[in-house]
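For clarity, chains are labelled A, B, C, D, E and F in written order, and residue numbers in each chain start from 1.
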Amino acid sequence: MAGTARTALVVSAHSADFVWRAGGAIALHAEAGVAVTVICLSYGERGESAKLWRQEGMTLERVKTERRKEAEAAAAHLGVADIQFWDLGDYPIALTQDSLFRLVDVYRALHPQFVLTHSERDIYNHDHPAVTDFAQHARIVAQAHGHNPGQKVLGAPPVFLFEPHQPEQCGWKPDVLLDITAVWAKKRAAIECMAGQEHLWEYYTRVGQQRGAQAARNSDRKVVWGEGYQAVFPHVVERLG
Amino acid sequence: MAGTARTALVVSAHSADFVWRAGGAIALHAEAGVAVTVICLSYGERGESAKLWRQEGMTLERVKTERRKEAEAAAAHLGVADIQFWDLGDYPIALTQDSLFRLVDVYRALHPQFVLTHSERDIYNHDHPAVTDFAQHARIVAQAHGHNPGQKVLGAPPVFLFEPHQPEQCGWKPDVLLDITAVWAKKRAAIECMAGQEHLWEYYTRVGQQRGAQAARNSDRKVVWGEGYQAVFPHVVERLG
Amino acid sequence: MAGTARTALVVSAHSADFVWRAGGAIALHAEAGVAVTVICLSYGERGESAKLWRQEGMTLERVKTERRKEAEAAAAHLGVADIQFWDLGDYPIALTQDSLFRLVDVYRALHPQFVLTHSERDIYNHDHPAVTDFAQHARIVAQAHGHNPGQKVLGAPPVFLFEPHQPEQCGWKPDVLLDITAVWAKKRAAIECMAGQEHLWEYYTRVGQQRGAQAARNSDRKVVWGEGYQAVFPHVVERLG
Amino acid sequence: MAGTARTALVVSAHSADFVWRAGGAIALHAEAGVAVTVICLSYGERGESAKLWRQEGMTLERVKTERRKEAEAAAAHLGVADIQFWDLGDYPIALTQDSLFRLVDVYRALHPQFVLTHSERDIYNHDHPAVTDFAQHARIVAQAHGHNPGQKVLGAPPVFLFEPHQPEQCGWKPDVLLDITAVWAKKRAAIECMAGQEHLWEYYTRVGQQRGAQAARNSDRKVVWGEGYQAVFPHVVERLG
Amino acid sequence: MAGTARTALVVSAHSADFVWRAGGAIALHAEAGVAVTVICLSYGERGESAKLWRQEGMTLERVKTERRKEAEAAAAHLGVADIQFWDLGDYPIALTQDSLFRLVDVYRALHPQFVLTHSERDIYNHDHPAVTDFAQHARIVAQAHGHNPGQKVLGAPPVFLFEPHQPEQCGWKPDVLLDITAVWAKKRAAIECMAGQEHLWEYYTRVGQQRGAQAARNSDRKVVWGEGYQAVFPHVVERLG
Amino acid sequence: MAGTARTALVVSAHSADFVWRAGGAIALHAEAGVAVTVICLSYGERGESAKLWRQEGMTLERVKTERRKEAEAAAAHLGVADIQFWDLGDYPIALTQDSLFRLVDVYRALHPQFVLTHSERDIYNHDHPAVTDFAQHARIVAQAHGHNPGQKVLGAPPVFLFEPHQPEQCGWKPDVLLDITAVWAKKRAAIECMAGQEHLWEYYTRVGQQRGAQAARNSDRKVVWGEGYQAVFPHVVERLG
């Protein structure tokens, strides 16, 4: 029944971001019965598909088709419940008010337990900060009683910001380290679907190892693979430690 | 059996700090079976006992005696397992290397699940930042294999910094909000033991209400009374949201 | 005569913000003969009127009408000289260039002694930061000699940012504490006009008490009720202390 | 031959900014054989031409004409290879997507060794932060393989942010100090072309002296005149010190 | 009568700091009838007397004697009521607990209206941050009722941090700009007493001009010479603007 | 001849830090003819020798002996000109004034071109921040003309802070990326000398790969292995880009 299903929402600027940055979290929660919706706002067809563009006679449509295939394959490995491609363009992405209200509808339909999206600053990427602002804005509108009155308004799902490519340069600090050891194989399989960005496979594999080692150091648990997140809101808890 | 007991450690600069700033956390975990040790490094006899000093013929020893009685009574209300008074003086507090190693011994004896202490900056109080540095330093020494080799070294208990009197001026940000609704009556009873600082009773009662209201706004739960903390280390988790 | 009147300008995103956040400053300066203009850019009809929307058969127009009545009643208690409702919508607010130039005209007409508006960051509210950017932008355009040449250009009125709902989460720091003890009764009366947000009455009453207590601690004066502000520009002074 | 020419790009919000803020860097690199392109996105005709507007019967067109003459004369003193006036308006500046792609074309045509533009924050000026965001955005689009496929994509030229009028208020920190002693006379000559802003001549002359003195203190070299910059990206180096 | 005299306290690490950094504030308040006490904790004899050490046969005692003469002459120009030389050494300065209590006694004797001392960070100088910590610490001890009970405890005088040599590198932000136009001649005369540091005369004269120009830009007043300060505590006020 | 030799100074808290954190920089400059002096202030015998302590019958002296052997072997691989062991203890390290002046003597003897030491904050390690404060303090004393008058005073060598174990948690930002591709094999060989900390070999190998990939992304050069540093002082340059 929809009312009792547990859900999560991932808002990804380009069609590969959810894999590098949140693949572990997705697989982990999917295994635990959470229905994860991934929204790829664009395919990253202009700005994040260098390898495809090096092929002879490439066109924008073919790039999009390839990128979509890769993302769908990755999503399957991760156990994504629903992946949507909104095709809003990239470099720059076009985040209209219509898209904002469309995302509000998603929040209202899912009532996600948590939300994952981009860091608030990225000096290498203009779409990422725009998308996190957009995703957080839609969350706030979804909380407004006067928006589509009669619908159940959104509560206060926590938002976690995923790791940008060069974290220190973007002022991003991982205050949450998630143990993804149990699902690393799935994340790696998803990563290997990204044929167009093979140069990043080992990079993000090492990120997983470093965050895993750090998670072990910050706890008394044995963690091998990790993902880092930055929480936007304070953690409301019933116990410390 | 000591090995299996769950414990927590509170390092308080002056003998009342643990009440205003962590009374809820103490009572909550004590009720849940955690043995909470509170170390009052000083009585706050010089700097935080204005009302007592206004009495005719007051002496330093009498102030200390009064402050100790108040703190013991408060600790009883909160269910503190062990309260220690180290009498290191205040304004300024004298944090020697001997005291550092004594605190290391406490860490090694308790292996606490979590540690509570002061904020890292306090423009109104010189002892508080010194104490948090001291408490965090002792934790690190307790992790060193070459300190008293043969003892079991400390793991990596999280450290939470409690709320200073004027939080924004001290750069303190509550990234953890603890629901203390269930134990508020105990915290209020402990607060009322602090006869020497009656002007703070209502102030910290209102702090509890504001943090409670904020906890409710940051979750979908009904929270009435809260305490804020700032985490020093990243949270290592197995689930988000 | 307009040229010699002392004036102040408050730019409020939604029709209740000026009450919770600046009611004391408004009443205090109004009593002192300053003509205070309050611009409510929207009614907060969608995002800040939960209680009204819970009534059977509520419509957007009725919410606006109620909110306007409440704000006008509050303004009367505070002694506001002029309250304007620009009805720009909320969640999201629509801040067009026409509205920008309209606000520039207000600056040029008033030459306010000081300006009050929202904090620069608010993770719970997307309209507030947009409005402070808008209000500060209009102030800068009003200083431009080439905008409506011939008009007297604006000087450099200080801008103070009012307290957001959860100050530490928004990176807001109160570097100015205003003693509003003399006008607290008026602020409380204005607060009680906000029938649609009764859950905030006690919250902001406690804010007034905490800021008052902090003002007393940061001075040698007896202050009971206070309001905090963050200054945007350096204070230019002729004496220290 | 274009392919081997060394080039640099300066993106200036208003037609005088490149003189006060980057005149030394321009002259220095021009002398060294670098072809420097300066883009003046607007003339600053509304917001930065107070003195001209004080003349009887002044019109917007006449202000623009005067400002253009001044900027061209200054550019000649500095050895600018190409100065362009895009006339996008000011206070506020209109930074459309068409202009963005036009600037991308400039990046692709020049492949500059480095880029100079405004600080990321300026509480006194709304156009400056908008322009640095625009200039950095265009740089990122110019790196995208899917933008005008077939063109050579941009590499990773460093970006340096020039000094705002009141640096501390704008959170700008000079982490690069450039020795402009050898070309100071040219910068001063360019400054003296700015007839409409004579009140700034001595101000920016003193800035040059202070930054020079600071450069001397941070090195063992004799530096008399300097310019400060804040680097956006990490310096990639083959030697330290 | 001591009880009614208005006083101010300046805590200077080395014997010239009060001149460069606070000469204007001292002269201005002295003219207004405030009795200003300046404490020179050291002579700066090792670290800030390069020119003297270049003289043949110089000794530590002779450097101290020269520095004292210069400081006394400067103090006379500024109208200092009392200048004290504590001779605590420099590079590094020795800030013992005895000296701390001696400074507490000064606070208790003066009950200053305001306090001036160094910035909290200075990457070029190790004594300056140590001194501001020391001066602020002593102020807090002076507020403690248990310190020398029976004495009148200190209230809450505001503390303003003076400008370091390279402000942006030290994270110092001038949030208070003081108009010292009326006393500039006295400050310049005091500066010219510093024969051992003639290279700084013009540097700090330019600082005065820049801060003056900035003060004019942040107000509607005519200010020519200024000094910048950073406030430690929030300003408690009865009016805004 | 000493006067003309090019030198560099590395101040390492524990005897392995210089390997993980600066091995590439050392090898690179050594190859280029720079005589690199490494000061190991302690052996890290208590806090960073877990594996050794797990051996039966280990003593403090044996740990020190092992650690010294490892460090000397690593230094040989890197081409260190001089490695010194000051044996000041660790957890906590004892940084006396005598040691400070001893380090001043080293600065005065070497006149290094640049200095490498620890980050300014490390929440996992209390010795590291103490050491960077100590090393920077000694540099400042070495600049004082009154310290050992007659000696040539130190100039202004830049200081670069090396990467801590968990960079984001320590507020460390790599604003300098050094290409160490040419000497990676030497750094790896040095790393493999650290028999007591084998769990860190792969961790710091991955750090080298990540910083290398980031260096490539921030330049148009082919970089495979990198080291990150944070500069303390502004870069004084004669050319940009």
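Here is the rule we go by: a contact is a pair of C-beta atoms (placed from the backbone, for glycine too) under 8 Å apart; a residue touches a chain by one contact, two chains touch by 3 or more.
Nothing here was measured: the structure is a model prediction, and the numbers come from that model.
*Asks:* Moving only from a chain to one it touches, give the least number of moves from chain B to chain E.
*Replies:* Steps on the shortest route: 1.
*Asks:* For the copies chain E and chain F, give the interface type as same if over half of its residue numbers appear on both sides, and as different if under half do.
*Replies:* different
*Asks:* What is the distance in Å between the mean C-alpha positions of chain B and chain F?
*Replies:* Whole-Å distance between the two chain centres: 37.
*Asks:* If a residue has to touch 2 or more other chains to count, which residues of chain D qualify?
*Replies:* 124, 169, 174, 214, 217, 233-234
*Asks:* Going by the touch rule set out above, what shape does the chain contact graph take here: line, ring, star, complete or other?
*Replies:* Graph shape, chains as nodes and touching pairs as edges: none of the named types, so other.
*Asks:* Please list each pair of chains that are touching.
*Replies:* A-B, A-C, A-D, A-F, B-C, B-E, B-F, C-D, C-E, D-E, D-F, E-F
*Asks:* Using the touch definition from the top, list the residues of chain C that touch chain A in their complex.
*Replies:* It comes out as residues 45-47, 49-50, 53-54, 58, 60, 63, 90-92, 123-126, 169.
*Asks:* If we count contacts the way the header does, which residues on chain F are in touch with chain D in the complex?
*Replies:* 8, 25, 28-29, 32, 112-114, 116, 155-158, 160, 174-179, 214-215, 217-221, 223, 228-229, 231, 233-241
*Asks:* Quick check: in the complex, which residue numbers of chain F touch chain E?
*Replies:* Going through chain F, the ones touching chain E are 97, 100, 136-137, 140-141, 143-147, 149, 153, 232-234.
*Asks:* For the complex, give me every residue of chain B touching chain C.
*Replies:* Of all residues in chain B, those touching chain C are 124, 165-169, 172-174, 202-203, 206-207, 209-210, 213-214, 217.
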